[in-house]
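So that you can tell them apart, the chains are marked A, B, C and D in the order they are listed, and the count of residues begins at 1 in each.
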Amino acid sequence: MRDRNTVGIISSNDTMPDQPVTATLLISCRDQKGLVAAVSAFLFENDGNIIHADQHTDQEESVFLQRVEWELNGFKVSRSEIADAFAPIAKRFEMDWSIRFSDHTPRIALFVSKLPHCLYDVLARWRMGEFRADIPIVISNHPDHEPVARDFGCDFEHFPITEETKTEQEAAILDLLDSEKIDLLVLARYMQIIGGGLVDRYPNRIINIHHSFLPAFAGARPYHHAHERGVKIIGATAHYVTAELDQGPIIDQDVARVSHRDSVDDLIRKGRDLEKTVFARAIDLHLRNRIVVYGNKTVVFD
Amino acid sequence: MRDRNTVGIISSNDTMPDQPVTATLLISCRDQKGLVAAVSAFLFENDGNIIHADQHTDQEESVFLQRVEWELNGFKVSRSEIADAFAPIAKRFEMDWSIRFSDHTPRIALFVSKLPHCLYDVLARWRMGEFRADIPIVISNHPDHEPVARDFGCDFEHFPITEETKTEQEAAILDLLDSEKIDLLVLARYMQIIGGGLVDRYPNRIINIHHSFLPAFAGARPYHHAHERGVKIIGATAHYVTAELDQGPIIDQDVARVSHRDSVDDLIRKGRDLEKTVFARAIDLHLRNRIVVYGNKTVVFD
Amino acid sequence: MRDRNTVGIISSNDTMPDQPVTATLLISCRDQKGLVAAVSAFLFENDGNIIHADQHTDQEESVFLQRVEWELNGFKVSRSEIADAFAPIAKRFEMDWSIRFSDHTPRIALFVSKLPHCLYDVLARWRMGEFRADIPIVISNHPDHEPVARDFGCDFEHFPITEETKTEQEAAILDLLDSEKIDLLVLARYMQIIGGGLVDRYPNRIINIHHSFLPAFAGARPYHHAHERGVKIIGATAHYVTAELDQGPIIDQDVARVSHRDSVDDLIRKGRDLEKTVFARAIDLHLRNRIVVYGNKTVVFD
Amino acid sequence: MRDRNTVGIISSNDTMPDQPVTATLLISCRDQKGLVAAVSAFLFENDGNIIHADQHTDQEESVFLQRVEWELNGFKVSRSEIADAFAPIAKRFEMDWSIRFSDHTPRIALFVSKLPHCLYDVLARWRMGEFRADIPIVISNHPDHEPVARDFGCDFEHFPITEETKTEQEAAILDLLDSEKIDLLVLARYMQIIGGGLVDRYPNRIINIHHSFLPAFAGARPYHHAHERGVKIIGATAHYVTAELDQGPIIDQDVARVSHRDSVDDLIRKGRDLEKTVFARAIDLHLRNRIVVYGNKTVVFD
């Protein structure tokens, strides 16, 4: 691995203005009276300066979801004691909840196969400081893109996969992810179905980009199917990976107009731009703790 | 039926500027050398003043499609003899072809069930002179919207349909369409499956608006399914009706962003605007002879 | 005026499901700690069942804005006493605030000139029950659309305006609006500049639809200017009317792709659909109390 | 400069399927009868196999524009004689015309200042074989991105520019472009106004990306102005550079929705994705000879 400084990586610290460290609380629970009052009183009484607060009530499912972000500086409860201090409130309302700190830098493993456009796009964004994350490693079932990974200062590991070797290779990948302390897997057009072991280990922490507006054209060769069907709009979908192929919670989607003038190759070309943008938006939303999953859906607090 | 003048109908003649009468040739055939040369020579040699010409070659299917529109005024071949004069060229290249004249006013039958937003929108556009067509009749399986139809100066016929009566009612509808000399059927959220008799009688002349971006969410209750799946984009699709439900050639589609904040009712509300716009665009494209169908696809010469 | 029942008007009560009556608080003030806590405590302590809550902090301007909607049923403070009960909180934080009840039906005056597409669209939506409002009157500087207004069950008043008569005619319009107890003016392509008297009397209560994506092509003939400039996208903008032409707070915008194939007439035709949709969305957002204006901007709690 | 093979550059030949060499004729002239007939007869009589043909008539300006692309293989006129063979037709109709061959690889000079997102995007697309071009050199008024350029196998030249040195530096740039035989200049957020010498030397061959939907927010700091104005949509515009700042012929535009939740930084972040996509589309259209400029507009034959 080349030293990062020599390849011109701009760290987050360089590009981000001197932003205060914040804590972010993500909450979901059964809808009840007094939820907002309890959380806001907790923050107010401890002198929390709220930067962002948003909530959503799914009336049909009677589910309440909330995101609150506040500055640690000046907050009366010390960072290590926040969880304990909040626990009684969480218990009273039977909340699913988590707390994140903005100075934690998540570690990403980037998966790729043959098509490199999302790989390049994610690495360039990272190098420019767009993502608050580190990307120590690129993993692929093909050896092709090792030079790209190395150029951007990442390690590269090649795990060729056949039907016979799939189970053992995924076990080896799991070991590597553990040893690298990976928080998030992003599948940049990685053309392998992710096995149950990986999915179970990283629930709502594997982001895939699918090259259609799901649920249309799930599965293989969506641009070919779109061309056959004669659609006038194509799309791309970023979603969390679950056990069922292309069925996980949708994070973001986007579309582009096409016409009879567009061949399959044109759809592929136009689709690449959608894929890159949607994929990057989903990764960024995840890293900024903007997403709460409930049932098979996402709430995106943007 | 109220007299149209009393309800303020603006006829096409009032709003359209004094446009010259044109002929439009729509052609599809196997791709061959010399096609464009032959058609353009035919027009040039007869002093045709071309207003619009567009062609498309589907390289994969090796299909050639063309639309040419020229002024009748000054054209050396008289209107009634154009078909005969062009026939030898058509024969040489084995073309599927048709010719239309811009001073012919197609007659539309407008089908509706309970939801009236597309009904209102089509009738208002027609009254404002947006469509080069006449709409003598509104047909419904429910009696609700007779006053609306009458207000806009249309006849209204109620054909209640049950499983038992479907065949005979569609036969009665067919008779009515024949006697009214209907050229085009537009289904403005008409919630009945169109039987084979009607489809066969009006090939590529029945336009339906489906409230999803097909092929996603074909069939009933697409907004409910879209909400369940947690999509971030909803859509609407205008297509020609074929024997298979929601599988006909797509004419136009459009989409709108939605979020977790949108309930099913919000999707329905936002979707209505998509449906109206896409439906009207498709009707307008058809009336201006801009669409050629081949296989299960459309070429839209816009 | 024709009796509304005979023209098939569907009142809001018919189409809206039996929704509970709600109160909505709209707040803006200088950003301070404890704001959310104070408001949510007020509602919680009085057993308010929150239906929708959203807030926004403009960090640069240090402005806090909030919208909270809750059910009146079960709320411990009676409807007539809510304002008094909330006043101390409002005073403490120096809030600009207002309260609205969902069973109040605002009264709209609809202004139109020659082009009727927005007129038709608004009236049809109203008749279908899309708007929680009444539209007792259509006002125009031309007599043309009286039959349309009457058909939809509205009164129609004709105020021809010349440079000489403008002041007195606007005074007469003001009198009419007063006597009709109008809450909201919507300008459906009304091609007269609104005088200062009207603007002062209805601050942030006059909605205009402008046929460009402002600030591009402010003023007259935007489609012609767009065509001249060769843009690839056209737009429409709904905004509140202020003293400066086309400079008021923007409520909503939308755009559509165009190409060299589109003549000015095509831009006008495609633009009409944008205008209708954007205009209706803005009216609907206003009527559902979703908009807060601050400075020259809107916050839209959608 | 590193050897390109070692940095994994994929040449166009690797990724493009074995496509036949084609000739492309771009024509503009006064609209006249017989134009299409004459051009298509020329191709037909010489056994030209047409791959793509499109034309446009600007009725208002009475201008005719055409693009025809055909296979050289099998064409009876040899490549070097096509221009002479076509000249009489061109003369008869007083055409502005040019002919391009698909196996010519244009040479691009890529200009950048401080912000590297378009730089990365263009270089990564090029490396993946998306552009039919070579990019021998990156030119900048700042030294920052030399490592990026070198990593992708490009030379890098630093031309610091002050008010005093501008004239001489642009002269030096011109010399460099000449010696490098540059065909096309692409300004990837190059924050210097291009002087008249360069504009005159490369008419319709300098592509700039401007970070607003022109003509709104021409000039500096468009995202700041957009935020101030409270727009609900932001955009990006790719255009050819002319003597007047941000006034050249528009090639492509795109937009994205924003809301009150978006700070200036959010607009900048969201805008970056628009800029990259629109810029790359414009470059690609230019390289595929899809654009004809007339007056201050483009016709894009896509």
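Basically, a contact is a pair of C-beta atoms (placed from the backbone, for glycine too) under 8 Å apart; a residue touches a chain by one contact, two chains touch by 3 or more.
Because the structure is predicted, anything quoted here is derived from the model rather than measured.
Each chain gets a centre from the mean of its Cα atoms; the one farthest from the centre of subunit C is D. Subunit C and subunit D have CA centres that are 43 Å apart. A straight line joining the Cα centres of subunit B and subunit D is 38 Å long.
Shared interface positions of subunit B, defined as residues touching 2 or more other chains, are 59, 261.
Contacts between chains leave no pair untouched here, as each chain touches all the others. Contact residues of subunit D toward subunit A in the complex are 6-8, 116-117, 120-121, 124-125, 127-128, 130, 145, 147-148, 151, 261, 269, 273, 277, 280-281, 302. For subunit A in complex with subunit B, the residues that touch the partner chain are 56, 58-60, 213-217, 229-233, 235, 249-255, 259-261, 263-264, 296-300. Those residues of subunit B that touch subunit D in the complex are listed here as 33-34, 36-37, 40-41, 43-45, 47-55, 57, 59, 257.
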